[in-house]
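First the structure, which I've put down as structure tokens, then a few questions once you've had a look.
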Amino acid sequence: MKHTLLAFLLLLAAALPARAQDAFVAALPGLAGNFNAQAEAVDRLGALADPRAIPVLRALADGRLLKLADNSLVIRDGTATTDVLTGAATEAAGTEVLRINNRVRVALRGALGRLQLVSPDPAERLAAAEAVFRSRSADNVPLLDAALARETVPRIRDRMAIALAASRLLASDPAAKLLGVEALGASSSPEARSVLLEARAANPDILPQIEAAVAAIDRRLAVRRAAETFFQGLSLGSVLLLAALGLAVTFGVMGVINMAHGEFVMLGAYTTFIVQEACRGIPWLLPWSLPLSVPAAFLVAAACGALMERGLIRHLYGRPLETLLMTFGVGMMIQQTVRLVFGAQNREVLSPPWMQGTLMLPFDIPVTQNRLWILAFSLVVLALTVAAIRFTRFGLEMRAVTQKRAIAASMGIRTGRVDALTFAFGSGIAGIAGVALSQIDNVSPNLGTGYIIDSFLVVVFGGVGSLAGTLVGAFGLGLVNKILEPWAGAVLAKVFVLIAAMIFIQRRPRGLFAQKGRAAEA
Amino acid sequence: MSNKPPKGGRRLYLDGVSVVFDGFRALNNLSLIVEPGELRSVIGPNGAGKTTMMDVITGKTRPTAGTINFGEVDLTRLDEAAIANLGIGRKFQKPTVFDALTVFENMELALKAPRGPLACLRWALTGEAKTRIDSTLEETGLLDRAQDLAGILSHGQRQWLEIGMLLMQDPELLLVDEPVAGMTDAETEQTASLLVRIAGKRSVVVVEHDLEFVRALGRRVTVLHEGSVLSEGSIDHVQNDQRVIEVYLGR
Amino acid sequence: MLNVASIDLSYGASLCLRGVSLVAEPGKVTAVLGRNGVGKSSLLRAIMGLEKVRAGSITWEGRDVTRLGPAERARAGIGYVPQGREIFPFLTVQENLETALAAAPRGSSVDSEIFDLFPILRQFLRRRGGDLSGGQQQQLAIGRALCARPRLLILDEPTEGIQPSVIKDIARVIHHLARDRGMAVILVEQYYDFARELADSIAVMVRGEVALSGPAGSLDEAAVRKLLTV
Amino acid sequence: APSIRPSFAQAAPIRVGVLHSLSGTMAISETALRDTVLMMVEAQNAKGGILGRRLEAVVVDPASNWPLFAEKARELLAVSRVDVTFGCWTSVSRKSVLPVFEELNGLLFYPVQYEGEEESRNIFYTGAAPNQQAIPAVEYLMSADGGSARRIALLGTDYVYPRTTNRILRAFLISKGIPESDIMEEYTPFGHSDWQGIVSRVKRFAGEGKKTAIVSTINGDANVPFYRELGNQGIKAEDIPSVAFSVGEEELAGIDTRPLVGHLAAWNYFMSVDSPANTAFKTMWQAYIRNPRRVTNDPMEATLVGFQMWAQAVAQAGTTNVDAVRTAMYGQKVDAPSGYTLEMHRNHHLSKPVMIGEVQADGQFNIVWRTPGPIVAENWSPFIPENANRRRG
Amino acid sequence: MSATATPLPASRARLGLRAGLLVALLLLAAMPVLNQLPVTHPLHVSDFLVSITGKWICYAILALSLDLAWGYAGILSLGHGAFFALGGYAMGMHLMRLIGPRGVYGHPVLPDFMVFLGYRELPWYWLGFDNFAFAMLMVVLVPGVLALVLGWLAFRSRITGVYLSIITQAMTYALMLAFFRNDMGFGGNNGFTDFKELLGQPLNTDTARAGLFYASLIALAASFLLCSRITRSKYGRVLTAIRDGENRVRFLGYNTTHHKLFAFVLSAMLAGVAGALYVPQVGIINPGEFSPANSIEAVIWVAVGGRGTLVGAILGAFSVNGLKTWLTSAAPDLWLFVLGGLFVLVTLFLPKGLIGLLKGRGA
């Protein structure tokens, strides 16, 4: 790897005229100047195509470029520092880190993009193509032409082609411009559309072509927008589903109005935080702290649930409304405990690398990775819950006990144990929800409070006691919310969803998946 | 069948009534007429649809098809309360009384009187009403438990309380589902004579599996099977009907 | 053998059972008779462990079970058919039957004999218990109790709401279980003839006390009937 | 740290009310302010109190509940008889206690930036007025350094501060020649956690061919999910920079800031300011809270400045009498951790410097721009036309 | 008169309770008078105590109204705070109109928030609120009509139990979000504050405080009498029966929709009155009052005091709020533990609430 890189650098260097060497040295001091000078120097370095510029610019971008007292520049790499010009190791005493601002960052992106277009690393080339596209300069045309000619990876080629088209649009050659417009019009990226719109003012002569290209993109984007909205609805639904599932067990199956449900979710999120902190000592484990948190959160929340059931709730069977009062009190205490132990501030839970960023589905539909994971995760948790309740002996006993406690006992079912396990199970699921929510929301003592109302609404809307109802309720509410949001705004959309749910319950007074028939009246 | 219909009495008329639950026909094209003042016994195997029949008459279940009239009124268009106010009272198979109210209050609630909120708010217990309640309690053997909460009554006592409440409603048509389940033989006889006494002034439909009791009522018997009428006639007639023996009485 | 030795039971302040004693032997049917509200159901609930007794003791197969909960008693081989059916409304017929397997040995399954006795249950296996008719539910409740293969079966008015032909079948089954399987049976009944026909011994209760008891043959029917009418 | 307790004369202690939510939704922000006041009280006592009298903090918990704020304010003034109160966060809490402070002639120091349009003789506002935060920030975004934005998305939580601020900003932008069609305004409920739709709408809004920036008046908790969504949808500061008025070091402590590098915040103080007063402040705070990683932020600094000014004013007036202290407050100066000398003006607002910071990977801000000196507060914004015929009171 | 006279010990307990209630009422009535005594006097009652008690009295009315719906009719409303808040808003609108040109911007008609949000004229739904009688009418009418519509829809389609609770919760939540919106014309998040006067009296005087205090006390007494008249009538027993077995009641010929609606609407109106009295005493009304947590808290007062007994509801409101006031100052960091722990203990050891404790001792 190192070897190929070296060879590549040599190749590049050999291709350069000698005077570029001086230009490189001449551009360097600008990097230590004010933001204006920095941006200018970066631009110049980017235009040089000098391989030595790459490490310098990268160091500047990452905050590793230091200025010594004598104004010479060094690069820090871990603990070692090397001189920019000589490449020799130096002392880092009395140095000052060079700071940049957004403007410099923009320049850096363009410059690095140009320099890395022919990098041997495909990921770098892809990023470079993207960067060059965004920096939008006519000067890039020859560079891109050359890079495109050598490129073999189709995805990168596509990106480069767009970048080339965008650069051509800025060039002065009218034929090239038209080519560019055409190529951009064939894409379905909003950025391409943006480039086209930008170009309108400067190119009145080819305005009709530009408008046509924009219209073509718009048509494709409309479809994409619908798909995006759909995904967002599903994603919101999956969050609601996760938050509500535990409640579907403790409330739906057991009939305990558990106002501390949100607190169990919150405990799950804090467990995630603790597991992550514990993993910090072992770097290779850190990206896996999130999966590790799932069983941990389940156990922590389940243990708390079992404790609460055995200690308190068990005295209240047959008085379901009192559980509201008691669990409200317990919720208050849990929340304040967490506040005193961890502080009222938010805690930082990192996203593992595989959950960051956006994934492009076919037809250029962007979905954010973390949402996708949460969606999948929620469905898995649902499936497991359904399996546990429907198809296991435990599930059968659980349902029997909650329907007729005394009679279940006289059938030989140890009701105490079943109650504790059921409640622990429901609480554990709430804890798992906390793991997922730690990825999209604050990890703070108030975390759970924000979800409790929606959770109850979902469970009830779907039909108490029906997991299928919870599923449909969650996704239904999520989708409706997201469909309404663009034209009603976030606040009104939520109001409308609530009103719609209220009206809908009129039609189905016992939820979507109501228990019907005689059994329900008994 | 010597009883003359009381003046203004209405007859209950079921024609072609069907009830389908998820594909299962609980009532199948059932037709039945109960004349004013008639006392009719209905028997039939478990699951024949007897309770379902009462459910459709009282508005608890909507028929999938068919007509149900009480006099001129189409019952399928009314809700439970309206049907009850027409003068159709019911005793449930599984006794249901108000556990948080005393026996006396249960009776008071059932007592025939205006049913609106304001009327209830203004209502006061008159001497006459109290005598009526007390005498009915006497008759049902619950007088000494008048001040107990209904929730603590034994199963049989709840049966009696429900019969008492039915009487307080003073309905024109009584639908009585298994009134003597859980009663001793003596009580069964007592109940039979009570119902016979009531009939004539009102129409009564009784569902029961206790054939001794049905015999004691001594009137026309309808046998239901799989949602429709299997046989009809006197108790002796149905008891000797082979089909009835086959599906219901056993050998 | 079950031995109930002079138990007292009270609901709050009111005493409901006073010094009630009762014996149920394997292979024998013991009938408990009495008017409404004399405490028959309460007695059975006490035997099942659903009510705590204030005084007295209950021993089953030589073991003192007075302090055990209902689940433990069920696992010790006591089966119960409660008054008023009490089936699980939202469980299917199949699941209702399976609940009783908690007290049966591990790995056992629902006995197909039960379906021979109550064919309607086989027909409605997937229907929810709560949707059944009253009589069907009663049959389910009996079937469920039998599922656990108990050695003592206590039945609280099992014939209530059941059609005559099935009552006859039930009588045959109880007879069979007692005689051939050596099961002990306690039967609470209002239907005197039914009890009379099955019972080996009879106890008649009056206001929380056993007023009269003895082998079925030795009791005077008129005296019993008198206690039931007062 | 144990300090030698100075002995105080027999005189009754000076009572300092602390009216910050310790539970409920606002606890996240307000507990740090409670701790700041307690720290200052302790430090002042270590210095010998004021006027030879010891300071005594009276802490209550209004639990993020606005009527409870009013009740607790009355209790502090009428029952605990405090001489001064530090407290409130959000305008509604301040507005609910304002009549109480006026009726009972108390003294409140309000340490958070707000929408202005208010001036009570019983309140000293030590946070920023819109002209001390919002307008300079937007000016920066439109400058070459800030990325020459010509299209602005105003995102906010639906309450008065964002509404008013955005109204002012809109007027300001229009005065700068930005057409209405290039301004997007969108509001969300408190604690909003699902930003997918809005962020992708912003992306679309940015795709109209003009350089776009986000101005965020999103409040409190909702910021974390908002920034997470920005990061996940790959909105980089290089493409669509955002500037926030309610996001400080405390809020960033709950987020992984690496994807957010370059996004901006405008405040009158950043923890990264390099000044002797700030070094002292940070050391004192981290020692007091016994956590070397705890951060400081703008409202904490405003609390500190308010406290110091009040202490000076009391010393100068020689009494804690509210009217005397009020008069003494005017013109009071403090060398603030922000590195400037701040002055309290007769409009009850501080002159403050404005700084723009870029988020860095370590959760701190890199100050990329600052005003040359403190700016005087315009609590009555010239961009609100109705202010022209306002009653002077 | 009632044939349902309870056995002797219980009625003696009830008598004791009545006497206790009367004493409590007199003590409360004396508070503003004692407030006039010099501060040094041992019997002096502080301004703070008077004003806070006035607030608790309003809470007690709310608790009473909730108890009527929940304790008797079995309608567990998790949105009663909404009716309270609507009553409060109606009163708040009146108070805002009375500010007149004394606002910051000196606009003769428009309240300050409308001025700086750029309103040109008063929205139509603000008309008439300058009239006291009209505003008072709205105080009961707005919550009443909302309850009527919601209740009619819900009861007609036989929504009961948790389904109803969640609907009411959704209602208050939706209202909260809506009222938070500045575009609604109700002051957004800030709501209404800075009231000046009511019925010609400046609000920040002792006289006004005492007046509001007595008005609240009278409203409480009247609501109590009304509720106890209702619950002891046959209608009260119908409600109880509906609570335990609504279907069965229908078969007796009662149209339960009407009965429940009557109770629900009445209860909502009482809550509205409570809210209206509350607002001038605390000096602010804002959408936070609609928050579902507030409604749940009201349920908790009733549960702590003793559901299904009117005295219990009042007792619960006073004790929980009293404790909260005291603890948030005395133990600002730990009060949630104490109060939460109290809720747990009450449910565990006092199944009938505090009132059960009192009654138990009276017997």
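Every chain is named by a letter (A, B, C, D and E) in the order it is written, and numbering of its residues begins at 1.
Criterion: a contact is a pair of C-beta atoms (placed from the backbone, for glycine too) under 8 Å apart; a residue touches a chain by one contact, two chains touch by 3 or more.
Predicted model, so just to flag it, every value in this text is computed and none were measured.
When chain centres are taken as C-alpha averages, the shortest distance to the whole-protein C-alpha average belongs to E.
When every chain is reduced to the mean of its CA atoms, the largest separation from chain A belongs to B.
By number of C-beta pairs in contact, A-E leads over the other of A-E and B-C.
Here the CA centre of chain A is 65 Å from the CA centre of chain B.
Here the spacing of chain C and chain D, counted between their Cα centres, is 75 Å.
If you average the Cα atoms of chain D and of chain E, the two centres end up 36 Å apart. Distance from the chain A centre to the chain D centre is 29 Å, each centre being the mean of its Cα atoms.
Residue positions 335-336, 449, 491, 494, 517 of chain A each touch two or more of the other chains. For chain D, residues touching at least two other chains, in rising order: 22-23, 158, 187, 189.
Each of residues 131 in chain C touches at least two other chains.
Residues 22-23, 58-63, 65-68, 70-72, 74-75, 78-80, 90-92, 95-96, 98-100, 103, 117-118, 158-160, 163-164, 167, 187, 189-190, 384, 386-387, 389-391, 393 of chain D are the ones that touch chain E when the two sit in their complex.
If you check the complex, the residues on chain B that touch chain E are 58, 60, 79-82, 84-85, 89-90, 92, 96-102, 104-105, 108-110, 115-118, 120-125, 130, 147, 165, 169. Chain A contributes residues 35-36, 63, 99, 101-103, 105-106, 109, 134, 190-191, 193-200, 225, 228-229, 232, 235-236, 239, 335-336, 339, 343-348, 350-351, 356-358, 366, 368-371, 439-446, 449-450, 481-482, 485-486, 489-491, 494 to its touches with chain D in the complex. Every residue of chain D that touches chain A in the complex is listed here, in rising order: 22-25, 27-28, 30-32, 144-147, 158, 186-189, 191-194, 196-198, 200-201, 203-204, 206-210, 221, 224-225, 228-229, 231-234, 237-239, 241, 250-251, 253-256, 259, 262, 264, 358, 360-361, 366, 368. Note for the complex: chain C touches chain B at residues 11, 35-37, 41, 83-85, 120, 131-136, 138-139, 157, 160-166, 168-169, 190-192, 225, 228-229.
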